Each structure stands twice: as C-alpha cells, then as structure tokens.
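Have a look at the structure below, then the notes.
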Amino acid sequence: MSFGPHLFLALLEGTVAAFVLALTALGLSLVFGVMRVVNVAHGEFFMLGAVLAWAVSSLVPASPALGFLLALIASPLAVGAVALLADRLVLRRLHYAPEATIVATIGLLYILQQLVLTFYGPYARPVAAPISFRVQFPWFGYSGYKLVVIAAAAALLAATWYLLMRTRIGLVMRATQYDRETAQAFGIPVERVYSGIFALGAMLAAVAGVLIVPIQQAHYLMGLDPLLLSFITVIIGGLGSLRGTLVAAFVIGLSDGVISVFFSPTLAKIIATLFVALVLVFRPSGLFGSARA
Amino acid sequence: MAMKKTGAQGAASTRRKVLKGLTAAAGGAALSGLLPTPIRYFEARAQSPIKIGFQLHRTGIGAAYGRWYERTSNAAVKMINDAGGIAGRPIELVIEDDGTDPKRGAEVVEKFATEHKVDLVFGTLFSHVVIGSAPTAGQLKMPYFVVSEGHHVASTKLNRYVFQPGITDVRSQVISLAPWIAGNLGKKVTMIFPDFAFGHDHRDYFSDAIQKQGGSIAGLIPIPPTETSFTRYFPQIPADTEVLYHVMVGPGVLTFVKEMGEHFGSKRPQVFGFIDSLEAVDIASPGLEFLEGTYFWEAYPRYAQKDQTPHDKAYRQAVGVDENGAATGDAKDVSTYSHMFGCWETLYVIKHAVEKSGYQSATDKDKKALVEALEAMTAFEEGPEHPQGSKQFNGKLHQAFGQQVISKVEGKRLNAVHRTSIEDGLYEPEGDYTTQPL
Amino acid sequence: MTLLATHGLVRHFGGVKAVDGVDFALDRGEIRAIIGPNGAGKTTLVGIICGRIEPSAGRIRFEERDITGLSAWRRVQRGIAYTFQITSVFAGLTCFDNLALAAQRGVHGHRALEKEVARLLGRVGLADSANSQAGVLPYGHQRLLEVALGLALKPKLLILDEPTQGLSDAEIDHFCALIREVAAEATVLLIEHNMAVVMELAQRITVMDNGRILAEGAPEEIRANAQVQEAYLGP
Amino acid sequence: MRSGTGRALLLHLAVLAVLFGLQFVLPDYHHRSFARILVLASYAVGYNLLLGYTGLLSLGHAMLFAAGLYGAGLAVQHLAIDAASGFVLGILSGLALALVVGLVALRTSGVAFMIVTLMFSQAAFLTTLYFSAVTRGDEGFTLPAAARQYAIGDLFFDLTDPGTRYNLALLLFGACLMASFALVRSPMGRVLVAIRENEPRTVMLGYHTFRYKLLALAASGAISGAAGAAYALLFSYVGSTFASIQYSILPLLWVLLGGVGTTLGPLIGTLLMFYLIDTISGYTSAYLLVVGLALVLLVLLFPKGILGTVRAKAAPWLP
C-alpha cells in the first residue's frame, strides 16, 4: 500500500485509539487532579466495564444492539458503585494519603482481577457490535463500528466536559481541586465530592471498556495496557490538568499509530515510554498542561 | 542436612520392604488386560499410589488452557485407574497452581519433590514456565513431563530429566506444513507473528522451511506483545503476498482476526493461521466470519470429522467434549483441543515407562531406570491411549513427533483437508540428552 | 568591613515585585533587624540571600565573593545559616539526631559529635531533652531547637526569621540573652515584628516597604524617622 | 554508643545466627524455599534503603533486579565467564542502571518519581523482549550446568547443591542486612532519614540532597542487582518476567508488610508473603484475592507494617 493511504489508515486508527484513551485517561486525570490519588486500579475498572458488558449483553442474545445499549448504561453504573464502595471502605479511611492509596489500589487491582477470574473465567469473550457494517475505502476496508465508537466517545467527552465546566457540581469539584481547605470552609462536603469524583473516574474507564469490547474482547488481564497508556497520557498532558489530558490523548493516540509505521513497533514502544519519562522529568507540567502540576 | 538424608533413606528403605511383596502383584497388573475389572480395581485401591505432581496454569495468562489441561488429565487418570492404574498402583494427581509464572513454577517443582514427595511432575504448557522449572527438576532428578509444544526440550538445552512425549514441538509442526502451503496456497508468504520468542521460532523455522520448498518470504511483520489493536499493521503486508501466515496468541487474537477481516474484506490473499490463536474460542464468535475459507494448523481436529476414529469418540466422551469441541452441555465453553490431548497421551506414556522400568519409588536408581526406559521408547501407536495419532519418539531429544492437520473453515467449523506425515516434521537433531550423566 | 552586600536585587512573582532593587549591606559582628509591614518583602529578601529563592536580577557578595549563582547548600557551607519562620525541626527525630545532623559535618568521631550536641543543647537550655522526639516538645522549645540547629552550623551569618513568634515573655528574655551571646561569634540578621525585641537586640535596623528599603539606621534614628512612622509604626 | 545500637547489633547477629542454624533443622522443602526467600529478602532490603530510609517510592525496581539477573546470566551464557565474575558483573549492572536512572528520575519526587521509575522499568522490560536474539525474550534461558560449578583454590562450590545455595543466599542476605544496618547508623544514614522527613530543611543544613539521594539509589541498585544476579546463578533461570511490573510491586509489598524503614522488616515481609501465598494456593486458586486483601488491610490497619508497629509500641530502639 502506498504511503498516503497508509498514513490515512494510521490516522483513522489513531483517532479511535485517541477517543477511547481520552475517556479512560480523563477518569484517571480527574481522580488525580481533584483527590491527588494515583489510582493503580483504574485499568481494572476499564476491564470490569468490558466484562460486565459481556455479562449484560449475553442476557439478551436476541438483539445485539439492545444488549449493547443495555450494557452501555448498566455496566458503568455497576462499576461506579464498586468504586464508591472502594472509596468508602478504603480510600476515605486512608485520608487519601498518596503512598497509602497507591498500595491500597494495587491491592484493589489484585482483588478485582481475581474476582473476575473466578466468576467470569480466563476466557477472552467477544461482544457483538450493536451495528456491523464495513466502510470500503479505495485502498482498504474499515470497521463501521469503530466510527461509531468515535462518535459515542466524543459525545461522552462533551457531556463530561459540560458537567465539569458548566454545572454547579462541576464548580464544586473544581473548587475542591483548587483548594480543599477553603472548599471545606465554604461548606462543600469534600468527602462526598471525593466519592463522587472517584466513582465518576471509574465510570469513565468503564464506559470506555464497554465501547471497546466489541473491538477487543473482555479478558480479566485486559486492564494493564489502558492503565499504562492512561498514565502516559495524564503525564504528557500534565498531572491534574484536564485540558492537557485531552490534548495528550489525541497526540498520543495519533502518534502511536504513526510512529509504528516508521519504527519496529516494539522499539517504538520503548522509545515512546522513555520519552514520556523524560517529559515528566523536564516538563513536569506536561507538554500541554497549564503551569500547575 | 546429613541427618535429614539418612532419615529420608530410612523412610525409603522401609517403603521398599513394604513394596517387595507388591512387586509380584505389580507384575501381575502389567498383564492386567487379562483380568476382569473388579479385581483390577481392587488391586489398584489396595496399593500405595503413584503420585504425579500436576504443575497447572490455574491463574495468570495460561488459565484458559489450564482449565482444559486439568479436565483432560483428570479424565485420563480416571481411565487409567479404572483400568488398574500403573503397575497395579492408582495414580494420585497432586495439583499446584504455578500462576503461569516461571519463578513460582520452579518453587512448585521443589514443593512437589520435597513436600508432596511425588514420583514425577507433569503437565506444564507455557514455555517460560517450562524453562524456568526445568533446572530445578534436573537438580532434584525429578522426571518432568511437559505438554508445551515449545522447541525447548528438543533443542536439548534443558536437561536429561525433561521430556515432551505427548505433543509435537513447534519446529516440527512448522516445517511439516511448509510443503502443503507451498503446494496448495502459494509460494510468496508474509508472516505476522508476536515479537517474542514464540513468534521468533515460527519466523525462523518457517522462513527456512518455505524457502526449502522454493517459496519465499514476502514480508515479516512482528507485533509487540503489549499490542491490543492491529489494523495499522496490515498496510505493511506486501501487495504481492500470496499467503498470509499468522500466529498470534493471547487475548488479543479475536481482535486481530476481526480487524484483518475488516481490512481485506472479500479480496484477500490465502490465509493460513495457527489454531493457538483460537484455542478456547468459538469459531462462530461474532466478528470471526472473515475466517470462512481460511486455513488453520490443528494438531487434532476440534470438530469431529467424517472419518472420526472410535478412539476420538471415546476420548471426547471421557473428557466431556462434544463433536464441536466444546464442553458437553455448554457450547460456549470451547476446549483447547489441539493441545490438551498431550496431557492424556503423556499420562499413558508415563504409565508404560513406569511399568517397563519396574519403577517402585522415588529413589535415584528407580528414576534412572525410568528415564532410560523412556529414552528407549521409539513409537506410540494410534489408539485409545494415543487418540491424536501415531507418533515417533526420539529418545535422544526426549521429544515426540506426530502428524499435523491442516483444516479449512467451512460453515463456521473446521474441516480437515490434509494430514502431514510424521516424516514431514523431522529435522536434524541439535544434540543428545543421553550423553548427559544421570 | 562588610560581610554581606546585595546590589540591585529584584524578584517578582508574576506581576508583583516582592523585592524591588534592594542594595543591602551587613557588617561583620553586628546584629541587624529587618522590619516592615506584612508583604514588605522581608522574607523574600532573606530567602534570596540564603539561596532558597532565585533573584530575577541583582547580585549578592558574601565575604568579598560573589555567591549569586551558588546553591543554597553551598551557601550554608560557606557560613550562611537560616532558621525558618514556621518551625521546621525534624519532628520525627530526637533532639540529638536533629542537632547531630547539623553538627556532624564539622566534627569527626561519635564521641566528639555527642560532646558537641550536648554543648549545643546546653546552650539553648534543652540539655535534658536530648532523647525526646523534637515533634513532642512544647512550641517554645522547638523554636529554641530551631535556633540551635542554626548555631550547630557554626555560621558566620545567622538569619533568624521571626524567631520570637509565639514565645512567652520569659522565653523571649532567655532568647534575647542567647542571641547576644551568639553575636559574639556570628553576625545576626533577624526579621522581627516584636518591636520590643528589635529595640533591645538590634544595633541597626533596616525598614522595608513594598520591596524597597525605606530607611536604615540605629534604633533611635528609626524611631525618630517620620516616613517609617507613617508607613509602619503608626502615629 | 547511641541508645540501643548495642542491642540492635546483637539482634541482627542473632537473627543471622538463627537463619544459619535453621538449615540443619528445616525440612527439605522449607530448606530450599529459604534459599529463595533469602535472595528475595536481599532484594527487599535494597528496596527498603530507598523507600524506608530515603522516602523515595520506586515502582520500577524490577529493572534493577533484572539488570543483575541479565548482567550475570547473559555474561555467563554468552561470554562463558565463571559464576563469581558473573555475580560481580550483575552487581555492576544494577549499580550502573541505578545511577543512570537516578540522574534523571531524581529530578522529580513523590508521585512523579513513582511514575518515572515505572516508565523506565517498562522500557527495560520491553528491551529484554526486543533483544530476544540474546535474551530469548519472554521464554528466557537456563544457565549451562558448567557455569554453576565454581572453585576458589581447592574450595569448590556446586551451585546445584541445596546446602551450598542456602549458605550462599544467607551470605548475600547477611551482607546486605549488615550493610544496611551500618548505613542506617552512619552519618550518611542520618542525612537520608532527614531527607525523608523534610528535604528542604536538610538542604538548609548544607547538604546537597540530590547527591545523597543518588547515593541511596545507587546502593539500592547495587543490592537489587546483587539479588538478581544471585537469583540467576543459584536458580539458573533468566527470563523477562523478572523485569515485569509485578516484580517492582513485590518488594514494595514485602517491605510494607515487614515494616517500612526497619532493617529487619524486609526479611519478615518476604518470609510471610512467601508462605502466605504458598499456603493459600494449596486451598484455593484465588490466592491473588488474598494478596490483594492483605495489601488493603495492611495499609488500613498496620500502615507501619509489622516491625514498624512493634517499634512504635514496644521497642523504640529498633533500627
């Protein structure tokens, strides 16, 4: 295939990756930004979302579309509930101390993985796409569903953005992120806000998991990769900066696709990973983040 | 440690006394084919069991395979025990999970040897666990039977106590397929493989083999192990590719196949894949429609074929697999049919080796005899004990060589279209274990 | 003979000029106080002098050598000690370890170190709390430990940022006595709000306002200075 | 003498003496397991130097362990050098990597440091896969038997002999333990603790804290490398799983369990965790669940870890 179409394909793929990544990373960024908590179990919420999507959609084998829509609503809610529980039972009792919470969320990661392995099994199970059509370009064909993913993710991002920037809830959240003590002084129920944020972050990961599951499959070890990618994204974007996170998601999503056209992919991943580390060291506020890191 | 050693010897010798009287019975049981069932059964119960440590991937990346390895092994053990056990002694399967982790694997082997005091260890699938555990097994002089299809055993880089008598190694599989691929699908091959050892074995051995057939490699496309989406690699497939050879493993494979389908649509080259990709996965899964008309290597046809042998019927029934290769009563629970038979066949090989060697207990002398008995073996006949088919066994390589099957996906099922001959899969030995000291 | 001199020091945070072109000189052996309303730039100025804050412009000379580019820890080793405004002794460690940390670079051998630490504790009157955790000491004692940390460095210039904040009158008297002793071997620069303390200790006073030096002179001159009075002391 | 130093020294020597004595009474399985545990405990000791005494939480120590593992393993495999030289090479690899990483990563702190180390480690992991021509990637390789016999003069070591392994592992652990004990009680150790407690203040006491942190990381790297090298040589397997994230989290887990910032904590943590998993996996395949719960309950109920709690409640003199 000649270079032009090749690049076009890489960009298409990049866009899909970018949107899904944006959702997942936004959740991580939100939790870190407001609560200063590095949630190592974030990837497992993604995984849980995908697995539950399989469970829900297999309740209505008759109509994939209906099953998927059902999953799109039920699965994130369930994951949100799990996150809420984790926050109440663990994180809150640790007063969100950074190191303690990291260890705790590592524990949470093991717990969730094992529970899924026990009750769902070690299999990689597919979920039928709600719609399945193939877009034929002059040079190659492309999954129609992937285009749907882009649309859906975009909508969800917009909704989240609206929630954070235009509603009172968002205002409260941002106030808490800006200065916890003052927020408390102004009578903002910080603990409730934290619970809400943690749940919201988890739900964003979960919904990303649901969207991805017709493309990938639900598997109990699928959480690690999105976790690492989200980390990378949040760092490049600037720790705690939502706008930065979004920009980074697109840069990474697109570049990841394009880089691997030129390098041996494994080498590309090595280079990319080192690059991220260096960004965090020399540009702690990220490449696109606002000054505050 | 001295005092502990004597202790162990003490125990061993007393056990030997006990067993003295049993050897006759054991010999008798060797002829047990002649005896009516109840008596054999009684004998099997009466005597101290042969303990086999089962190193199982219950958790970790190997868990999907592990499940079926466990079912198959249990079925084989039941079958053997009901038929009088090994040398009149019942098999006792001791299971330890290794988490599909080489470190834990080695620890588990030690646990088998020193805590469970098993007679031998068996059942490992993933190559890195095999290689991680092999040195420990060697030091413990613990006969170690793997069902991994890796080339590690046959490479003679492990040690004299490691055997793979139940399943053909990947090198043999790959080269035995080359002639048919070159002759029926095409000569210009592009390979897509995971960018780590397993994939590199395929790359190296197949490239070599296809060129020997007058074919050529049009392109090599390694894919990093952490990859979850593959579409962007397909453009790297050269336009003049006649055959696309794919051997992906891990949970990402369905994605791979699906995206390949979306990429090519109707106008695609011939596609040849390794069933490893789709073990434990339903061919009829949504998104796999693209596989229609493509070819797969199978060690052992997942779907019962028209010419199904009675052994295959019996084997399926014993393990609990229906004619579509799924668990009886749960069509969604698809087996790892092209690998798990190795557990069944290995256990029978063990049975005969133990009986032939007159192995009594885990003494160096008896283990030595067992190893030599194994190395003396040359062939296994197709039958109830070897349902997958006849095999040659190379005692110098500790490796079995069997027939391979090439199947075509037709109507969402795999139909065998070609069986390779054992000779297709033979290669120049890289060494000789029998020269190592015991 | 001057110990320390700054030339045209400037530091702005965003738009605000916290320090705005300060030329400031200290003589060896004097006790100098910097006073001024909150936000006058006192803490920023000493912050720049001891190297915790980088100046936007200007130079600093210490013992005739330019130290502008020197990192904080080097300046400490050259003899500039800074004691924090908010007490920041090592709360988790014992008083002994606190002082040992500051003293150990100077002395060799465990015995010598123990003697030195004992001396320092005695000097600030904490002799009997060597093995008690710094964090659990009463606030006044923590301030004293903070000062002792400064002394342990054998500084040529000891900078005290609001040392008497939150001390009882009795403690303040004890503190003043201590500082006078110290002055025998080191130059002392203190930021202080308590005018009583300033008037009692300082030989010269520098008054700052809006990042600039408003006036400088002996206590009585400053008391007399009209500008200062309206800007700071009030009518 | 500082308060308790004498007692602490006695305690450490006693622990080592007990470990030495154990080899004569331990049943075979536990005898063999202890050899592994002691090597891994040494790794944990190295990790604790950084987390416990300098306050730097690394999520990438697997790369240092792996550096030792591969440094020794590859040298013995491909350069055909003897075990002892391989061991030294392993230590040097760990040390060198730690220095390089440190020069960059130590410009950050807190969460950023965790993630930077995580990233470096991930890159190291991928590297072991990428060069599979020599490393055999995920599959890994076993050392030639010849490499595991070693003679100094007429002193002959057979690394396949359990007794030899036990005592070499104990030697390694003893060295690491006493080294960390000495360091903690040294002026340098005092500075490290100061950095952990309050870095800006430490700077204002005239310490170039970056240099001290780099030294700590280097020491940690050398010990981790030594542990990795010992693991390769004693147990004869080298593979990329040891470079994976999991092996960065394990030492964290061990140290937290045993007690952050206690010299003996790493041993206790490693020991307990090994037997926790070993025992539980006998009853259920869901032992990961138990590990997870252990981690959570630990930070919830015993944030100081076992020895840390003991020190706080009973024995303040514990180093």
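Chains here go by letter, A, B, C and D, matching the order in which they are written, and residues are numbered from 1 within each.
Just so it is clear, a contact is a pair of C-beta atoms (placed from the backbone, for glycine too) under 8 Å apart; a residue touches a chain by one contact, two chains touch by 3 or more.
The model shown is predicted, which means the values in this text are computed figures rather than measured ones.
For the pair chain B and chain D, chains touching both partners: A.
Ranking every chain by how far its Cα centroid lies from the centroid of chain C, the top place goes to B. Interface comparison, C-D versus A-D: the pair with the greater number of contacting C-beta pairs is A-D. Computed from the mean C-alpha positions, the centre of chain C lies at a distance of 43 Å from the centre of chain D. Look at where the CA atoms of chain A average out and do the same for chain C: the two points lie 50 Å apart.
In terms of their C-alpha centroids, the spacing between chain A and chain D amounts to 33 Å.
Chain B and chain C have centres, each the mean of its CA atoms, that are 76 Å apart. Within chain D, residues 126, 129-130, 285, 288 each touch two or more of the remaining chains.
Residues of chain A found to touch two or more other chains are 114, 117, 228, 264, 266, 269. In chain C, no residue touches two or more other chains.
Arrangement of the chains shown, judged by which pairs touch: an irregular graph that fits none of the line, ring, star or complete shapes.
Pairs of chains meeting the touch criterion are A-B, A-D, B-D, C-D. The part of chain D that touches chain A in the complex is made up of residues 57, 104-105, 107-108, 110-112, 114-116, 118-120, 122-123, 126-127, 129-130, 245, 249, 252-253, 256, 285-286, 288-289, 291-296, 298-300, 303. Here chain A touches chain D in the complex through residues 32, 36, 38, 90, 93-94, 98-100, 102-104, 106-115, 117-118, 224, 228, 231-232, 235, 239, 264, 266-267, 269-270, 273-274, 276-278, 280-282, 284, 293, going by the rule given at the top. Per the touch definition, chain C reaches chain D in the complex via residues 50, 52, 71-74, 76-77, 81-82, 84, 88-93, 97, 100-102, 104-105, 110, 131, 149, 153. The touching residues of chain D, counted against chain B in their complex, run 23-24, 27-29, 31-33, 36, 126, 129-130, 132-133, 136-143, 145, 160, 162-163, 235-237, 239-242, 278, 281-282, 285, 287-288. Partner chain C is touched in their complex by these residues of chain D: 1-3, 187, 190-191, 193-194, 197-198, 200-209.
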